Amino acid sequence: MEEILNNPYVFPVIATMLIIALFPLVAGYIVLAERKVLADFQVRLGPMRVGPYGFLQPLADAVKLLLKEDIIPAAADSWIFWGAPVLSTFTALTAFAVMPFSDRFYVADVNIGILFILAMSSIGILGLILGGWSSNSKYSLLGALRSAAQMVSYEVPLGFAVVTALMVAETLSMQGIVQTQYDKGIWIAFSNYGLMLVPTALFVIAGVAETNRAPFDLPEAESEIVAGFHTEYSGFRFALYFLAEYASIFVLCGVAVTVFFGGWLRPFANVGFLEVPLNVIFPILLFLLIGGGCGIGTMRVSLAYEKGIMAVLTLGMLLVAALFAIPAVNVLIIGFFWFLFKVLILVYMFIWIRGTFPRFRYDQLMDVGWRYLIPISMGSLIVNGVVLLLTS
Amino acid sequence: MKQFLKTIFLVDLLQGLWVTFRNQKPSLIYTEQYPKERPSVAERYRGAPRLNVHPDTDETLCIACNLCALACPEELIVVTAERNEETRRKELTMFTYDTSRCMFCGLCEDACPVDALELTQDFELASYTREGAVWDRQMLEEGPLPTEYKH
Amino acid sequence: MATHTTFLDTNELVLNMGPQHPSTHGVLRVILKLDGERVLGTECVIGYLHRGVEKIAENRTYQQFAPYVDRMDYVAAVSNGLGYCLAAEVLGGIEVPERAQCVRVILTELNRIASHLLWLGTHALDIGAMTPVFYCFREREEVLKIFEKYCGARLTTHSFRIGGLQYETYDNFEKDCHTFCDWFEKKVDEYEELLTTNRIWVGRTKGVGILDAEACKAYGVTGPVLRAAGVEWDLRKAQPYCGYEKYDFDIPTCENGDTYDRYLVRMAEFRQSARIIRQAVDSLPSGPIKGKVSKVFKPPIGEAYVSIEAPKGELGYYIVSDGSVQPYRLRVRPPSFVNLQALDEMCRGALIADVVAIIGTIDIVLGEVDR
Amino acid sequence: MDEEKKPEGVAAPETEQPKSEPPASPVEATAPAEATPAEPEKPASAVTPEKAAKPAAAAKPAAEPGAEKPAAKPAPKKEPTEMEAEPWAGPLVDSLKARFGDKIQQFATYREQAFLIADTAAVIPILDFLKLEEDFDYLVDITAVDYPKKEKRFEVVWILYSFAKNVRIRVKAVVGEGEKPVTACTVHKAADWLEREVFDMFGIEFEGHPNMTRILLPEDWKGYPLRKEYSIIQQDQDWVRENLQIESGQ
């Protein structure tokens, strides 16, 4: 037993299984959160019928998508049609391999981690292009072409922004990047006399575009080309695309957090006296608040099973809050907490942007990419490099 | 210059973000959770038709004058009557109202000289069959059964 | 008339947009001839919602036909009803009492707001802003509530009758209108904050779908589209009906005639409508609500064309009477139908995304296009 | 229901027999007991004169369509059989007269709306003249009216408006079956769809129109719905069977 546990492959395999098993569920709940948050911006309620406050909606959606008839259009290139969503999902999930969830919880710490993630997200777009192409539908084709063009244009500023950050971090390993930020005592986003804020903003903007989110959601602009590359997809294949999209959002936010916002570090990681308020009191208060909210929800819902679910949720939240109070457990989970917290804030930003802005037009998208983002990212690379040189 | 700074710092975009952000207040939620919450329907609402009966005697108020049938643009009201030899009055025998073709324009209601036919606030008119949408006299007098929802 | 040349020898892509498409506003079908994403030409295929309204009119009495006109431009049913009633009244030589006219103005302007709100919401949704549609529907709901309280129906109101009104105003009508106007003007500010200066919105709408004044006149395009091209023409001012001459309001115009200008014009019309409603509510006279019209409306032999400024443009009714209780011939001059004709001219050389924006900006309702 | 029989059925003047005995309340209205839905005129006629006798009963101003009014209240003057149009004069009429002479048969106004009746062949020159020299630059509408009993059954109407003068006029021309008036597309672009609709609904073809096809109805539909002989419930059964795969219920 001891031997097995000490085998260096055991923990990564367990972590991989956990991620693959759990991520679809997590993605489902990100979708639910997106629908709820979006509804909030739009003065409505969002899903409310399945479970208390729509809490079981992701499960209902999953069951629906699994049971739906799987249609492959007669004129489609069925093999590519079949494989494209798999490719997308595969690459999106693979990127999790180097994601540093915390100082302890990660699958692998590769010395080229960041390159690996960028490579995977680039291949992922191939899935969209192939899916759109093989559907043999004009709308899908237009969507595929759009996503190809968009990927080419926005990979560049994204890459430049990352390169700028790497100059500061001086390593390609994801864990290493976080470690550098701990050593320097400042998140990369704010380092270099605040000059790094520019590539940070560029990364977020290009990231929104890279994940095909509004206002850059041209490949699936529903008011123009119906659903873009996945117009012809239904059932589980559609669900795979959905999963891939949310996985890549999560990955991208994770990269942004790791590279620019200190990864699993708490804010002001080097300021000792903030240790207790930020690492203990803050999470406890947060989960108590959520638990309290669920508690109020328990009173409000009327049906017995809904009351039950809400009560379980309340207890769960209180339990998590209690866990943070135990010092030994706290050390284990606090990194994970901060990583997720930051990622969720970024995801919220993505949803907020989606809920507010109109969509770019194709030529404007190219304009923004080539005429603004790329020159600015190159400029910021040079300026940051020079400043780094002078100050080191 | 001010315009330029505004452009650089994306003021127009931030302004939009602020609008959506401040609309998040839970008190601003406008959704009505039908059927959990019943909408309050205005007094003059033109919904399900009803054939009024005299509150005390339960006799119909309809005098079988057929004006509603004539007023109806869709001709979906059929009134039949029989002359009662004793009272020498025309008495209503049958009254059917096809809600499936009704557009709730209210012309029949306006035409009724005795306020017998009325469009009520009831708006749940669905039925499982086409025949179910054709209401006979009994249905018109008693009104549709209140809908119960389980979920 | 391709404004764009290609060096590659490619075939044109023919894309069938609609009749089931998220942003053709119903069952419009547009066949696009594309070079890449650029539009070389369009062809509209309409008629999927044709119900033969004009034929129905010939088989109904004048009063019976009134509910049917609500079903043409169903988002501006009150305007439709007003146009029809005015035409029938002109034909029959009927005087409408002051109070009825005033209430008609209030309801029609409320309906103009409701119609423009639906336009704004869907137009913004077409361009990709998904939030305004919910705000707009919230405000529209308030208008519909006033309609519901007044006449018992929300959408296809059938609120006017030939000769005046069927329903007296309800108890808090004046107060409701004032409350709505006050509340609504703040909301218009909010929409402007969200869209008017937004660079993406401006980029998507400015210079898109330009239709200048000459082209507007040639195509018979009316309403906000014409006013955005700089022609200060509004039937409410040009040939006042229903006592519009008594109210103080402006005709908002712009110069460029592009999608952004049409947006600005409609936003300004929101405020003008609210202004008219306030004045009308304050000056609501007392008196009868229905003129002298016999139960059986039977206009003399003759014909009349009466048009009003509907939210979408000039809505006209041409009625020929043979002296019977039914119209001998009733022709509707639908603004959406005529305006839609200019789509091809506006779309040439634009991108697919612009086509969607242009369809939205013309503000068509397929119920009216197809009748 | 059978809508076709309504025009005559409702307006039937045979219902003049009511003795106009004022009953105490509407409920006691004596009405013919033999009334059946097949003859809806009778009960209606029994009530209408009663209401006319006591106007106070009209608390609810109803809009019922029964056509018995002329029977109850004899018309003081004979109903005119023609439109009582008044002659139309003015500078516009003078210039049109000077230009087109007897090609325009009539200048008239009705309800203060001016119209003229011209030869079919002269319509396009008139539109052109009005547009170029009299500023009638907005073609509001083109439509037609069907008078099957007349020798030339159709009357085509062009409605014009001048932004500069704020005047609206109608140009009318009588067109027989099979005759082809010239298209107005060359003068006003707006004429395109409007003429197609007239063709669709009446079967009047316009000479020289670039795309004289149906616009609202399907391409291969048979019949022209707004002609008077086309019944309201009539449809192209073959088309319905072929394209919708259903048997029409009518």
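Going by the order they are written in, the chains are A, B, C and D; count residues from 1 in each one.
The rule we apply is simple: a contact is a pair of C-beta atoms (placed from the backbone, for glycine too) under 8 Å apart; a residue touches a chain by one contact, two chains touch by 3 or more.
Every value quoted in this text rests on a predicted model; they were computed, and no experiment measured them.
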{"item": "Leading chain pair when contacts are tallied as C-beta pairs", "value": "C-D"}
{"item": "Innermost chain by mean C-alpha position", "value": "C"}
{"item": "Chain whose Cα centroid lies at the greatest distance from that of chain C", "value": "A"}
{"item": "Rounded Å distance between chain A and chain D, as computed from the means of their C-alpha atoms", "value": "65"}
{"item": "Chain C and chain D: spacing of chain centres that average the CA atoms, whole Å", "value": "24"}
{"item": "Where chain B and chain D are represented by their mean Cα positions, the distance between them in whole Å", "value": "33"}
{"item": "Intercentroid distance (Cα basis), chain B paired with chain A, Å", "value": "48"}
{"item": "Set of chain C residues in contact with two or more other chains", "value": "63-64, 131, 134-135, 138, 166, 194-195, 198, 200"}
{"item": "Chain B residues counted as touching two or more neighbouring chains", "value": "13, 16, 19-20, 23, 30, 71, 107, 110"}
{"item": "Residues of chain A whose C-beta touches two or more other chains", "value": "41-44, 355-357"}
{"item": "Residues of chain B touching chain A in the complex", "value": "13, 16-17, 19-21, 23-24, 26, 28-31, 33, 151"}
{"item": "Contacting residues of chain B [partner chain C, same complex]", "value": "7, 12-13, 15-16, 18-20, 23, 30, 41-46, 71-73, 103-107, 110, 119"}
{"item": "List of chain A residues in touch with chain B within their complex", "value": "40-45, 48-49, 352-353, 355-357"}
{"item": "Interface residues, chain D side, partner chain C - complex", "value": "3-4, 6-7, 10-11, 48, 61-70, 79-85, 110-111, 113, 137-141, 143, 145-146, 157, 159, 163, 166, 168, 170, 188-190, 192-194, 197, 201, 214-218, 225-226, 230, 232"}
{"item": "Parts of chain C lying in touch with chain B, wherever the complex brings them together", "value": "60, 63-68, 71, 131, 134-135, 138, 141, 145, 148-153, 156, 158, 166-167, 170, 190, 193-195, 197-200"}
